[in-house]
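Consider the two complexes below, in which subunit A is the common component and subunit B and subunit C are the respective partners.
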Partner chain A sequence: MILNIDPAVVDWSRAQFALTAIYHWLFVPLTLGLSFLVAIMETLYVKTGDPEWKRITKFWMTLFGINFAIGVATGIILEFEFGTNWSNYSWFVGDIFGAPLAIEGIMAFFLESTFIAIMFFGWNKVSKKFHLASSWLTAIGANLSALWILVANSWMQYPVGMKFNPETARNEMQNFWDVLFSPVAVHKFLHTISAGYVTAAIFILGISAWFLLKKRETGLARKSILVAAIFGLITSLFLAITGDGSAFTVAQKQPMKLAAMEGLYKGQRSNGLVLFGIPQPGKKAGDGQNNFALKVEIPGMLSILGYRNVNAFVPGVEDLLNGGFKPEFQNVSPAETETALPISEKIVRGKLAITAFGDLKKARKAGDEVAAAKADSAMKSNFAYFGYGYLKTPEEALPNVPLTFYSFRSMVILGFYFILLFILVLYFHSKNQLQDKRWLLRLMLWTIPLVYLAGQAGWIVAELGRQPWVIQDLLPTRAAVSMIETASVQITFVLFAVLFTALLIAEVMIMTKQIKLGPKDGGTK
Partner chain B sequence: MFESLSLLTLQQYWFMIVSLLGALLVFLMFVQGGQTLIFQLGKTETEKKILINSLGRKWEFTFTTLVTFGGAFFASFPLFYSTSFGGAYWVWIAILFCFIIQAVSYEFRSKPNNFLGQKTYEIFLFINGALGTILIGAAVSTFFTGSQFSIQKANLAEYANPVISQWQGPAHGLEAVLNWHNVALGLAVFFLARILGTLYFMNTVDDKNILGRAKRQLLINAGPFLVFFLAYVIALILSKGFAVDPSSGMVTMEDFKYLHNLLAMPLVLILFLLGVLLVLWGIIRPLWKFDQCASKGIWFAGIGTVLTVFSLFLLAGFNNTAYYPSTYDLQSSLTIMNSSSSHYTLTAMSYVSLLVPFVLAYIWYAWWSLNRKKIDAAEMESDEHAY
Partner chain C sequence: MSFLKKIILFYYDGFRSMTVGKKLWIIILIKLFILFIILKLLFFPDFLKSRFSSERERGDYVREQLILRK
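What follows is the complex of A and B.
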């Protein structure tokens, strides 16, 4: 007996996964960056022998510890939710997706959890150098874990190095290195960890600024600011470069996401980049309305950023919906590319692939090799559109354009603002005027929430911008879920929401208390 | 090197790795067992603090082993991951809940302004220790008792419902605790974890009052552990099992299947008996010669636990046995042959597994560095990062 999948279970499963991911990403970026900053500060202590650096290291390490545990707690839920809520996904691509998760455990988590214990409890038990090495190994462990989970995520956005096996009804890995070194993976990893570094740098700047505003711990604050601002400036520039690289891979591999990021409905050659804009509320693909109520754009810039060619054609949402244009890929001559199909046609081809898969299974069972060969060939020639077969209408293939557009704008604008902030801080620090610039100190403090906003906005672009796909073009969310009652997921959603929120409140309360107590009492109570 | 191995050999290799991780996890659940003893062994704040801190330096190993166990199972046997996690939803979610509340409790417990209060975090630790161990034990027991699910790979061609693994019955995993076999294993794991927790304290804590109470707890928990464990093992040996025909893949019920497995795999039998003896030795020696042997009990009982659990996993999956059987549709049962990753993926993962000895070596070194001196009240006073 086969009951139909309730669309509500898909929505609630998505909501639950998004909830977990959002909370996870509130804690992890700080862990990624602060682990390195603490290691750098401890290195300064070991190099100079100055006990003040030890005090500074220990202060930030206390805050690191408070934040670390809750990132771990939300992380385990994410890993297991692939199974609990996305059962079909887990089988359909488990042969590729499981490996990075296992490697993450073996290579990164043990490194992190072993040496973090030395970091916290080893001060008087191991040598200075061993302790320092432990701090660095904890940071490397945390960042290695980011590598593997981002490789896994990138593979969902750009599935490479695999082949569908109808016998097992799943995709199977053909080339591990293609998965690990796909351009999407490389850019996503570098961009995401740099975002973590910038988050931690701003966290330190903000709290140090608070000490300066209160005229407390000025020595600690000034030293911390110098380290964080230099680290922040370098990594924020790197963040911009890798952001450009990421956007370029999106243009090449996920053109629909790029169109949503830009609020672009009708593309053109030498397309402009919207600097500021307000998308027309209620705009739908093909309704003939202007897509922006207001916009300021840089001519030709989107073609340059997305295709490294000022004359390149950038397809918009409607172009992708209706097809009929020639996609322009880097290093591929136009003669070799095929005219894009309309999504309605992709749905037809997807259904052909899925039906052929079913026929193949039946033919193999019946031992009819002729029919099996025919079905196999039909399946292979349409497999690139497999996931489209599960869609009911072409519009289902469109992401939420305004949300993606605004999130992308927020992230980019904030990113450039952070660079400016680091420059300003370094300038006034070098002039020894920082403590007098109270407006700047306040700005530093209030930038802490903004850096979290930027990080969340980035993930909204990455994950909502690729909807409806769990695996780009191969599996939409509706075909990836577990067969459970909607009510069950609703209950667990509420339970997770309440628990995570309570833990977040606890973390913020503990953290602010520890900051107010300052380094002398840091972690002793 | 691994490329030339057959698919079956790789499947067996990975089932052994997953089994080893599972076995290490049960040993490391001394942290969970210890958490349920905090109130019984620690009567003053300082004593409680000593106990929590001695566990607080190890909890992450247990947690990481659980995560790695999940990851390795996903990578090597993804059909288990999709079927069990997506089907027995409520059991796994309950287990996850027990672990979220643990992860923050050590760090938050004694910090000022911690929102929920110190007592709440201590109760979180207790819930993790009690419910976490019982539920994991009950979930693993379904490897022998079976669950109700069906697997139809051709479902992928059904547009309206392409889900391959479907759980049958509304309880979504909670039915596992209605079977007395599963509950018995759950309780055996719970009492074993408490025994291991007690032995761990004897190894790491230097406090007369705590050690005196620990000795009593060892005796108190040994009784129920033996009752539940022996009841489970005897029932298992006498029960029918899920046999697989290696050529056709057909699953049938076989009388005394697990007894047959033990006899067919003498090495597993030896490991199992040796494991049980070591656990008993680890319990009896400290009771008998406390002063000389108390701190060594954990090593005997710990190694014994690893051997016993490892051999139980092999009993479930080796010698042509379905390790995750379906009582709803026998032919949907999971075997190491029909649920694994591809030859390519298992090969790639096998290279990664070469890191495991290296990981074990640095864990051992770090552990040794921190444990050279026992934890006492004086250290709790002076340690700045004490929980």
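What follows is the complex of A and C.
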């Protein structure tokens, strides 16, 4: 018997998860970055004793507080969805998610909840240094919370450090450090938090630019711009470096995602990196059409970025579908450079693994140890392809290429634009001409929505680019979803859309009102 | 004054003297009520826990699902 899942349940559950994650990520990056910027500003106050820095710190701290308060607990909904909509997945991941999320919960509670209270209530009640330490610990706590969530997400992209137990149908953690320090986790964490830092720097630049355009609070605005632009420039360069590291790990661990990011169908040696391009509308793998209606590329650059070798062969979508090439990675395990199997072969091996998984239980129940050993061996030797057994056709292993391509381009182009903006701002600030450059001030203000767009585009690349997998190669969405009614997912989708939109409107309204009021000398609690 | 009393007073004074924070706390409480009372209880029961009483039953169900969906 084969159980057919209503594709609408999968689609609505995915849409709901995407909606929740997108809204959640509107609040998180500002918290990550603004917490550090506030701590830096307070450090300047404590170092110099200049009360203006205290006033500046309190102003940005108020905006940090608004964002934190409205955004807090929006991520918990993702965990609700795991339990209700993605129950097969939740069971299958076993304790891998449990440990990082439990640590995250404890850390978030003790570090953030304790020290954030001292940050807001402690002015003039605790010593300057203790208050400063609390601000730094709040920032560190917020960023460490992000670490554990990102480690869990990275494991889904590159599952390591675990062993599947066919008795319980769950994965069991074998090595916590392999999970924590997997190359995907390290790069994802650094890239994501630095995106948060750039978001906060641009947020401060934009609002400070608004003050300068209105000729209000010019002292606060100029000092804030200087701190934010230096912080932003350093972190945006770091963002580019960690982005390169992330792309390098994607080339090794998720080559289909890299092919989609580049709109690459047929691979070649010394592959170019597409700077700008328009993918051919309606292009399908193997249809013989050109990949692009138009493109401008840097020769050899994709081979360098993906393989650190200008002559390396970068497989495209069709190469990955058909297999038969040898990945040209250096310094990896021999298994990672074996000739790639065609997806059709992976599907066959995946089905063998799933069948053996069922046979193993039957054999154990019947007390047939010989059959159990045979099934166990078949399952172990094919488990790396377990998830492929759920695909009906090889083409199901492809993500949405144009959307991944455009999202990746948007993120990268905006990332380099932010670097340029920080340089321009610092240049005109150093020449004391910033107030006269109204075009630049307007640009700074209107870059605020762009930095959020870049962050969302990054997550679209990360999550949509790995489709159809919930857990890379092991569990696709159609196997992970619960057997629930489509209507119930549709109802909660609408509820979430209303709730989150209301929260976002509340945030923007309260924040705008507070910005218009400006800093208060008497405190900003 | 005991240490515990100092902490309680610290929080009490902090909450009393809040301005923007009062509005934020109202939003937080409404949000938590909607999340944990309305959404979690009414719309997001744990699929496996609400249907099966033991870990073994849950494991057997997921195994069956994973086998039948191939």
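By our rule, the second predicted complex is superposed on the first by the 508 of 525 C-alpha atoms of A that agree within 3 Å, B and C clash if a C-alpha of one lies under 4 Å from a C-alpha of the other, contacts with A are read in each partner's own complex, and residues count from 1 in each chain.
The rule we apply is simple: a contact is a pair of C-beta atoms (placed from the backbone, for glycine too) under 8 Å apart; a residue touches a chain by one contact, two chains touch by 3 or more.
Note that this is a predicted model, so its numbers are computed, not measured.
Under the clash rule set out above, the superposition-derived model of subunit A with subunit B and subunit C contains a clash between the two partners.
Once the two complexes are overlaid on the shared chain, A:Ile103 sits against subunit B while remaining clear of subunit C.
Legend: residue contacts after superposition of the two complexes on their common chain; A:Gly389 is shown touching both subunit B and subunit C. Touch criterion met: A:Ile116 reaches subunit B, while subunit C stays clear of it. In the superposition on chain A, A:Ala8 contacts neither subunit B nor subunit C.
By the touch criterion defined above, A:Leu420 lies against neither subunit B nor subunit C after alignment on the C-alpha atoms of chain A.
Looking at the superposed arrangement, the partner reaching more residues of subunit A, out of subunit B and subunit C, is B.
Looking at the shared chain after the overlay, A:Val296 reaches neither subunit B nor subunit C. By the touch criterion defined above, A:Ala366 lies against neither subunit B nor subunit C after alignment on the C-alpha atoms of chain A. In the superposed three-chain arrangement, subunit C is struck by just one stretch of subunit B from 21-29, 93-101 or 309-317, namely 93-101. Contacts of subunit A with subunit B, set against its contacts with subunit C after fitting on chain A, overlap at residues 2-3, 5, 62, 65-66, 69-70, 72-73, 76-77, 80, 83-85, 87-88, 90-92, 117, 120-122, 125, 168-170, 351, 354-355, 357-358, 361, 389-390, 479, 482-484, 488, 492, 495, 499, 503, 506, 510, 514, 524-525.
Interface residues of subunit A facing subunit C in the complex, by the touch rule stated above, are 1-3, 5, 62, 65-66, 69-70, 72-73, 76-77, 80-81, 83-85, 87-88, 90-92, 117, 120-122, 125, 167-170, 350-351, 354-355, 357-358, 361, 389-390, 478-479, 482-484, 488, 491-492, 495, 499, 503, 506, 510, 514, 524-525.
Those residues of subunit C whose C-beta lies close enough to touch subunit A in the complex are 10-11, 13-15, 17-21, 23-25, 27-28, 31-32, 34-35, 39-40, 43-49, 55, 58-59, 62-63, 65-70.
Subunit A makes touch with subunit B in their complex at residues 2-5, 58, 62, 65-66, 68-70, 72-77, 79-80, 82-92, 94-99, 101-107, 109-118, 120-123, 125-126, 130, 134, 165, 168-170, 172-174, 176, 351, 354-355, 357-358, 361-362, 389-390, 479, 481-485, 488, 492, 495, 499, 502-503, 505-507, 509-510, 512-514, 517, 522-525. If you check the complex, the residues on subunit B that touch subunit A are 57-58, 60-61, 63-64, 66-68, 70-72, 74-76, 78-79, 81-87, 89-90, 92-93, 96-97, 99-104, 106-108, 110-116, 153-167, 170, 172, 341-342, 344-345, 348-349, 352-353, 355-356, 359, 362-363, 366, 369-370, 372-373, 383-385.
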